[in-house]
Each structure stands twice: as structure tokens, then as C-alpha cells.
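Look for chain A in each of the two complexes below; its partner is chain B in the first and chain C in the second.
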Partner chain A sequence: MASPLRADRPSVARPASGLRSRLANRRRWKYPYFSGGVLALFVLSGLIGPLVAPAEPTGIDLANALKPPIGFGGSWSRPLGTDELGRDILSRLLDGARVALIVTIAAVVLAGAVGLAVALISGYRGGRLDAFLMRTTDASMAFPVILLAIVIVGIFGASTLNVVIILTVAGWPSYARVLRSEVLRTKTMDYVTMSRTMGGNGRWAVRRHILPNILPTILVLVSLQVGLAIIAEGSLSFLGLGVPPPAPSWGRMLSDGRKYLDEAWWLPIMPGIALSLTVLASNLLGDWLRVNNDPTTKR
Partner chain B sequence: MLDVQGLQTIYLAGGRDPIPAVRGIDLHIKSGSATALVGESGCGKSTAALSIMRLIRRPLGDIVGGSIRLDDTELLSLSQSAMRNVLLNEIGYVPQDPTVALDPLYSVRSQIADVCPPASKLERDERMVALLERLGVIDARKRLKSYPHEFSGGMRQRVAIAIALAKDPALLIADEPTTALDVTTQLGILRLLDEMRRERDLTMLFVTHDLAVARLVCQEVAVMYGGIVVETGPIGTIMDRPLHPYSRALLDADSGNAEPQSRLRAIPGQPPSLTAMPAGCPFAPRCPLAEPACSDAVPAVEVHGAVKVRCIKAGQS
Partner chain C sequence: MPRYILARLGQAVLVLWVVATVVFLLSRASGDVADLLIPQDAPPETKAQIEANLGLDRPLFTQYTSYLADVVRGDLGQSFSYRTEVSTLLKTALPKTLQLGAAAFLFAATFGVSIGVLSALKPGSWFDSLGKGLALLGQSVPSFFLGILLVLFFAVRMGWFPAFGYGLGTNLILPAVTLGAYPLASLTRLTRSAVIEVLRKDHTMFMRAKGVSMVSLIVHTLRNASLPVVTLAGIQLGAMFSGAVIVETLYAWPGMGQVAIQAINARDYNVVQGVVLVNTTIFVTILLLVDISYGLLDPRVRRRGRGVATAS
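Let's turn to the complex of A and B:
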């Protein structure tokens, strides 16, 4: 029954309808189905892709070059079509996921570790060391990644390890920056002062209070950086500075395929979709983590 | 017993001149008694409290002079690790704002356990429950598992006091422990602190800006202004007959002491900036009794019975 108090007021809660309201309510999504699903698929492809792939990712079959995907005149044996050398695109995408996964995890973990270490030292110690580390961070941020990549690849050649190094060198400053400010915020919290009044030293304060309290931020940052790392790896490969052939990389598939855009659109489009979906998913997951695990948006 | 002599603390501000925040204060607190450190914001009272725990350290600042004796130990000559031991075992600290003084990530049990003397898990839990119950936390056994956000402000302050007392300290430093609480809770916490002092023979330093609050828990008072103690003595004596013009102004500014329907007498002007401290008596620029001689040098301590006061016109009006 309508309460007499409410009688003259329009209902505040409008009935939920369709995608629009779901998007508006995204903050209240309980679990990140889409992003979680896509990322799970990505990780799974990376882990067991070669086992389920319909063909050898580097198997050349010139008789079947540029076959279209299913639905556009293709066959089930080559579900996403073949490239200019007759290689199965799906198999190459699955194998490329493994490359992207290894490079991304290595780069994010290394860059994160370096960035976190710098952030803790810089933020907690403060003083001149902080100034020095932050100016170093600024300098690293200002240095163009592509130039760095060209220099490193020019000197040491293209290899998976070098891609990881490039991404680490390019990635750590953002961690250092964001986490330092988090350390600064956390260390002025009274519970950190309290731990000092109880006779705790700096290392104790960092381990017991600061690190656990900035963990949500680290998680959000990592999930966002995963997306950036995947794009960066793709871009490097696109420019020929990334993972060397014959290992298939999404970026290089995109780059090689773009020459065939008018006659065989699936060559660049398929890796493009894989790349975009993975990055989108990792960003959405980061968003979800931020909203749901950040105590400041929750409490 | 806490005996502070000529304590001087500075803050370091990058390349600029160090800022003197505490400019030579003397405090003497007998074992089992409580002294209030009273003054306006920025007078150096919290800095003094933190200095006693030696928590003002480079690069933030430094203790540049004086002596701090807790019972028979000179705290300023201890090594860092020995000082941490003193903090862990001898000094309890009650924070100003209990809402942010507890780490939101850990249960109450875990946070109290950090400071408990070593004992078996069971024994430790028993002690915590007994302590929390003594401090008025209802259903303490169940509440051990709770997290700080599940407590109200007053209860959180009780937990914070439990953390301070769990180590069975000799000295309790309370930095405006009731400022962040509502008035009805304040009285309960103040009573509790007073009871704890009696029961455990605590030496207590009570930092506050409110003389009326100080009177409820303290026997002695030290009034601070501009980084020095301007008047110290038994709190009743000073509140009844303040000798220093600043103490009097502070009492007059309290609405509780004012004549009904009269205008509240605020202290004109502002406290001196720490970076531009007057050469003589820091209160001279705002003092109704000031004369040129006041600005020559910081007045020496004059003894008037049990009261010590730094004013050349002490007791005049």
C-alpha cells in the first residue's frame, strides 16, 4: 500500500530496463562476468592453446592461403580462416596468447616490483632520497618508449626477453608514482604513528600497516597495467621491435595482415578483436576491483 | 616518575631555518599522578608529548636539548632500539582520534596482541578480555574478533586505551583523548583514565586544550604558550587564582566560567607563528598587561608557593 507520506512524491526508483540501466548500475555488479570470462579465456589459451589448436600455428599451406572464416565461405578445419601463407589464424591467435601472457605477466610483475620498491623507499623515507627517486621517475616517464625500444632492439636485437625489459623500463614509473602517493597517504594515518608509539620500527610499519593498506591500489594498478602491457607488446611487434618470428604475436599478425585488408579483412581483424577484447576486459576488471575493493569507495 | 628538563624540539623545513616548536620546557610528574599540558593549537603541546616518546626525528625534526628521565632512565641517551623497547614496554599512548588510530584491516585481538607481553595464546586472550571488560567494552570475548569499523567512537577509544595499557606501562601519554568524542562519551573515558591511573599507579601526561577537562583527571597543570611552559602548579590553585595573564585569559575564554548573559572574553589576536617568535615573552603581543620590558627576554621562572610562573607581572591585573 502506498504510504500517505509518499503519496505526493514520484517514485524515486525507476524500474530497471535493458542495457542502459545495467550500465548505469555497473558499480553494483557483484561479479565481473564479462571481464573475468574474457581474461580466463585469455589465460587458458595461453596455457593450453597449442593443445586444442586445430593446426600447427607455423604450418605453411600455400594451397589454402587466404581462406575466409566460417560464415564467409570458410570451413570448420580453419575456423577463423588462413593467412597469406595458409597458416591457421585461430591456431596462431592461441599461440599468440601464450606469447602475450608470458610477456605481460613478466613485464607487469617486474615493473610492479621495481615501482613498488621505489614507492616504498621514496614515500616512506622521504627527504633527499625521495626527491632523487622521483626525479628519476619523471625522467623515465618523459623518455619515449618507442625510442627506448628502438635503441634496445638496435643494440641487442629483437627477443622476448628484450620486450620484457622494454616494458619493465617503460612501466615502473607509473607504479612508483601512484604507489608513492598511496604510501604518503597511508603513512600519515594515525595507526602508523600508533605503531611507532608502540615501539615498532619503519620496517614493521611498512609490513604490517602500509603494504596491506595499499594492496587494493596495487591490484587495481596491476589489472590496468596488464591491459597497457598487452597493447604495448602488440605495438612493439607491430613495429617489428617485438617478439621475433616465427613465434606468432598478435601485434605482428595485425601488422602483417593490414596489407591484405581489402582482399582478406580477417587477417588484421581477428588479432585486432583478440587484442581489443583482452585489453577491454583487463580494464573493466581493474574498474571493478577499484570500486569493489577500495575501502574509500566502500565504507 | 617523569622528569623533563629544558626540552627543546625543532622542526626542520627543507633548507630553511629550523622552526623551534618546543623551547625548553620543564615538567615533573610524580609516579601515580597526572599532569595536564594545556594550551592552544600550535603551542607545542603535542610536539612535547611526541618528543618525550622521541618520535620527532630527522628528517621531520629533532630534539636539540634537555633531558627526559623516565624513572631512572635517561631517554635521550638511549639507542634507537633501546628506546623502542621503552616504548613497547613502558609508555602507553592514547591517540586523539580513535576513528583513525586503529588499522581497519586487523581485528581488535590482533592489534592488542601486537603489544602484549609474550604469553600463551589462551592466557593472552584471557588478559585481553579482562582488560577490555575493565574498560567497559561489553561482551568483550566476542568483540575480540571484531574489526575497528564495527565499534562506535567511544568503544574504539576504549580499545585504543586497552592497546596502551596492555603492556602495563609506567607512563601513559594521552593526546587530547576525548576531543574527537561526543560530550556524553567524554566523561566516561575521562573517568576511566582517572580510575586506571589510580589502579595501576600510572604516571600520566594529559595533553588537552581544555582546562575544565584537565581538572577532572589531573592534579597538576602546565600551561604552554609559544613553545614554553608559562605557568605550572597544582591545577586547583591555578584555576582558582591564575598568575600568568595567559592562564587567566584561557580561563576567561571558557564559556563554563563566564557570567551568564555576558560576552565571552576571547583572547585578541592570534598565537605567534612558530617561524616568527617574539624575542621576549611570547604572549606579550596579546597581553593586556604588556610593557616594553616584556619583549626584552623570555621571563625567568618565578616561584609563588607551589606555582611556578614565567611572567614579570605575575599575579597583577
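Let's turn to the complex of A and C:
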């Protein structure tokens, strides 16, 4: 068994096999090509998807129902195959990207704003307010998202706005917790104390010193939260608690396609791949940002 | 220690009360409660009857106190779609969700902790890279997609496991793996970093230098690394309900999640409320147990009489 002390030794010292050197190189990549590319594609699909789609996402064509994708006997006119009503899956995916994009951006921005506000108040003011806010944050962080969705949809019904509300309520505690500790770290820096001594007020210190300093952390959080928000949106749609029809959503495509699993596997698999790739990209980008923004983890 | 437990117990009760109140207020804020309780096509006489039965003509505060009194006694009202007591309904569904959750948690904890520890012992090895890759995938592939993939390969193609349905034998395996995948991934990542951190501490280095055997070193390391892992495990266990709703829908598993989704579709508000209250109770209890286990694992917490803020 290898010594655990080896953990401290730089990995460069070891002779690298083919795979290992490639893995090591990946760690030293300058730019996150894969995740950046996938996310750019996601945003682009959301913005101009319907313009480049090969067919109407709602165009029913029963004669061409359940056609397989290219490579499995399909044709280029329907690259990813068709569903049980003959609708083009690629076009529906592109249309679904818009729903996912709108909901995700709204939820991440709102949750980020609430979380940041709580973090600034809690971290900068401190004291009893801080204790109260952090207890609330812990409790909300721990509360299951789907349970919240069940309460809200059970009472108010399913709508796009409710999805955004659910994702916001579920998302803000993560921001609040992490950013608060960042605020605590920054506010004791000499230049902040200096600025206070020289008569700068708290608002100035927050705007001029604390916010720019915690910005990298905010970016990392946003990137990771995008992935979580996409999964959550997909889960809600899958359960029928999400964005209501006729707007296509990846989660519902997956859920509807389940019934055809043994005859037309591409129905649930295609939206599943789209979802997983987007989430994977956002997780990888988050990891990359964390490593490249934090001087302590740089090698 | 007793004082510490008592304080935590007080907080748990407070959380329960807040959730019960929020559920009550939200139902009232949504407009007509009678509309929530009956099917949309019910005749007006039924509505009037329901309003009188439930005392919805009484002042809000009176309604609130009697609602709280009912909930405390365990009376969750009647289910309209099932025509039975909500508590009876949940009593048959809850054990099935617990069985699923327990199996999934066992799977996630066993593999998550052992993969995490083994990776931490040889950072940078092929096993570590494999573990890291799997953890990343586990956190990126949503459970409802993973479930479909598992059904496609192991049920539809291979025919090794049934594709859906309730049962404690082979029926349990695919749902448990689907539900356990995400907690498995996060437990692996956290255990790995927690163990690496402890292995780098001076006292561990010293033990190594003295020639302490690897096995006893791991035992000592695990206890010191266990605090953040136990926190996360507790949170994951509680959050497993979210996953359970999806997995139960996917595999037609007749647990709490299925009951909740069907209740929403049938506008069976009392059942929705019952599911939320029962789940919150379970959830708060788990968090309470996690807090108490801190005291058992870490003498410093015991002495200070309050929890440590543990972030991953």
C-alpha cells in the first residue's frame, strides 16, 4: 500500500503513462473548451434554436412517428429521430433549451441576489441578526426542494413563475452560506479597516472593497448552481410540477418518452443526454473557475 | 450534554411549528380552501357542506388553533380522492419509502465512504481518477435519466431486474441504485477530501513515523474525518425524499412520493399537507440525530454545548 504521505508530493515528479499525462494535462488546460463550448451551444440554442430547427417543434406527422436517429436507420431530415406523434426531436430539444435557459437564468439571478444580500447583511453586520439569518439559511438549505414544490404546486398549481419561485427559494441558502464566510474574510483585511478609519462608510466598503473581492466566488457559485437549477427544473417537469404544456421541456420529454423505452429508446435518451451534458459542462466550468481563481489551489 | 440535546430539541419543535404554520397560511393565501379540497366539477352544495364541516366560516385564528391541535394529535384530516383518513393512507405508504431510502442510503454510504477512503490513500492513482470521474458523472446525470438508462439496460435489454413495481428482492435494486447515485457521488468527494486533510495533520504523520499499522491508522483517521461526512450524510438522508419522489414515479413504487404526486393531480389538499408535515418531522428528526452525533464524535462539541458550523 502506498504511503499516504505521498499526497504532498507534486504529481509531476512521477513518470506519467499515456492516460495519466493526458489527465494531468487536462488539469493544466488554460481554457475550459469543453464546458464553455457546451454551455455556449446551450445558450445559443435557447436564443436562436427555433430559427435553425429543421422542423416545427409541434408539427405532428403521424406517418413518420417513432423514426430512429441517424446511425440507427434514420434520415438527415430528422437527425435525432421523431417521437410518437412524428414530431422532430432535435427541434423539440432546441425549443426546450429556451425554457430551460429562461427558467435557469431567472432562478440563478434571483437566488444569487437574495443570497448575496443575506450574506452581506449577515457577514458585515454580524451579531444577533447574523445568528438569526444563518439559522434560517441552514433550515432552508436542509428543506427538500421537491417537498417545497409539492406545497407550492399543490396549492397554487403549476406555472413557469412558480418554477422560478421554487428554484429561487431552494437556491439562495447556498449563496448566503458561502458568500457570508467570504464577506467575513474580506472585511477584516487591512485595506477595509483603513478605508473605515479614513471615514468611509459601510456602504462604501461593501461596494468598493468587499464586492469586487468576492466576485470570483460568486462566479464559481453561479456556475455550479446553473447545473443544480437545470436538474431541478428537469425534475419538476418530469414529475409534472414544472413548466406546464404546451411549452416543451426536457424533463417532460423524458417523462413522456419513458413509455416507449422498449421500442424507441431515443425518445427519453436524447433529452436525457442534452440535460446531462449541460449539467456536466456547468459543473466542470465551476471546478475550473474555482481552481483558476483561487491562488491557493494553483500548482 | 443533556442541555445541548434539549436546546436542539427545542429548535426542532420550533422548525416543525413554523412549517405547519406556513402550510396553513399558504393554503389560506391561495384563496378558497374549499376549492382546494374538492374536485373542480363538484356541485355548490358540496362546497357549502365542506365549508360548514371544516368551520371555514370561523375567524382565521380559531381555524389556526384547531388546525394545530389536530395536527399535534396526529389527525391529518380526510382524503377526498381515497375516501379514508390521511394518517391511514400515509401509514401504508411511509414504510415503503423508508425501505427504499434505507436501501439507497446503505448503498451510497458503503460505496461512497469506501471509494472515498481508498482514493484518499492514493491520490492521483488510476483508482482515484476513476473515482473522481464517477463522482462527477454521478453529480451531473439527473436521477430520472440515470433510472431510465438502468431500466433500458438491465431490465429491458438484459432482463436481469424487473423494470418497475414494489418488492423487497430484485425489485429494490434498480430503484435503490438510482436513488443512491447522487449521495454516493457527494459522499465520495467529501470523504476523499476529509481523509486527505486528516492524513496531512501532524499527529497522523507522527503515527505513521512511529510505525503504526495502516489499519489502525485508517480507524483513527476515519473518526477524525467523520464530522463533515456525518453532516453531509444526514443532510443527504433528509434530502433523499426529493429523490424518492422521482424514483417512486419512475419505478411505480407505492410510497409517500407517489401518494403526494397523485394527491396534487387529484387536488387532494389534505393529503399534500399530510405528506409535507410527516416528511418535515422525519427530516427534522434526522437533523437532530446528526447534531447529537456530533456530541458523541467530537468531545469539543460536548464541552462547548453547541454545534460546530461544518461546511464541506
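The rule is short, and it goes like this: the second predicted complex is superposed on the first by the 273 of 299 C-alpha atoms of A that agree within 3 Å, B and C clash if a C-alpha of one lies under 4 Å from a C-alpha of the other, contacts with A are read in each partner's own complex, and residues count from 1 in each chain.
Basically, a residue touches a chain if its C-beta (ideal position, glycine included) is under 8 Å from a C-beta of that chain, and two chains touch if they have at least 3 such contacts.
This structure is a prediction, so every number in the text was calculated from the model and none was measured.
When the two structures are aligned on the shared chain, A:Leu51 is found in touch with neither chain B nor chain C. Contact with chain C, but none with chain B, is seen for A:Leu241 once the two complexes are overlaid on the shared chain. When the shared chain is aligned, no partner comes close enough to touch A:Ala63: not chain B, not chain C.
With both structures placed on the common chain, the touch criterion links A:Asn201 to chain B but leaves chain C unconnected.
In the superposition on chain A, A:Leu147 makes contact with chain C only, not with chain B. Greater residue coverage of chain A by touch, when chain B is weighed against chain C, goes to C. In the superposed model, A:Asn213 makes contact with chain B only, not with chain C.
Contacts of A:Tyr191 after superposition on the shared chain: chain B is touched, whereas chain C is not.
Note for the complex: chain A touches chain C at residues 1-8, 11, 14, 19-20, 23, 134-135, 139, 141-147, 150-156, 177-178, 181, 227, 231, 234-235, 238-241, 251, 254-255, 258, 261-262, 265, 268-269, 272, 275-276, 279-280, 283-284.
Residues 126-127, 189-191, 193-201, 208-209, 212-213, 295, 299 of chain A are the ones that touch chain B when the two sit in their complex.
By the touch criterion stated above, chain B contacts chain A in their complex at residues 53, 55, 59, 80, 83-89, 91, 93, 95-97, 100-105, 114-115, 149, 160, 163, 167, 173. Residues of chain C touching chain A in their complex: 11, 15, 22-23, 26-27, 30, 36, 120-126, 129, 136-137, 139-145, 148-149, 151-152, 156, 163, 196, 199-200, 204-205, 208, 214, 217, 235, 238-239, 241-242, 245-246, 249-250, 257, 260-261, 263-265, 269, 272, 275-276, 279-280, 283, 287, 309, 311.
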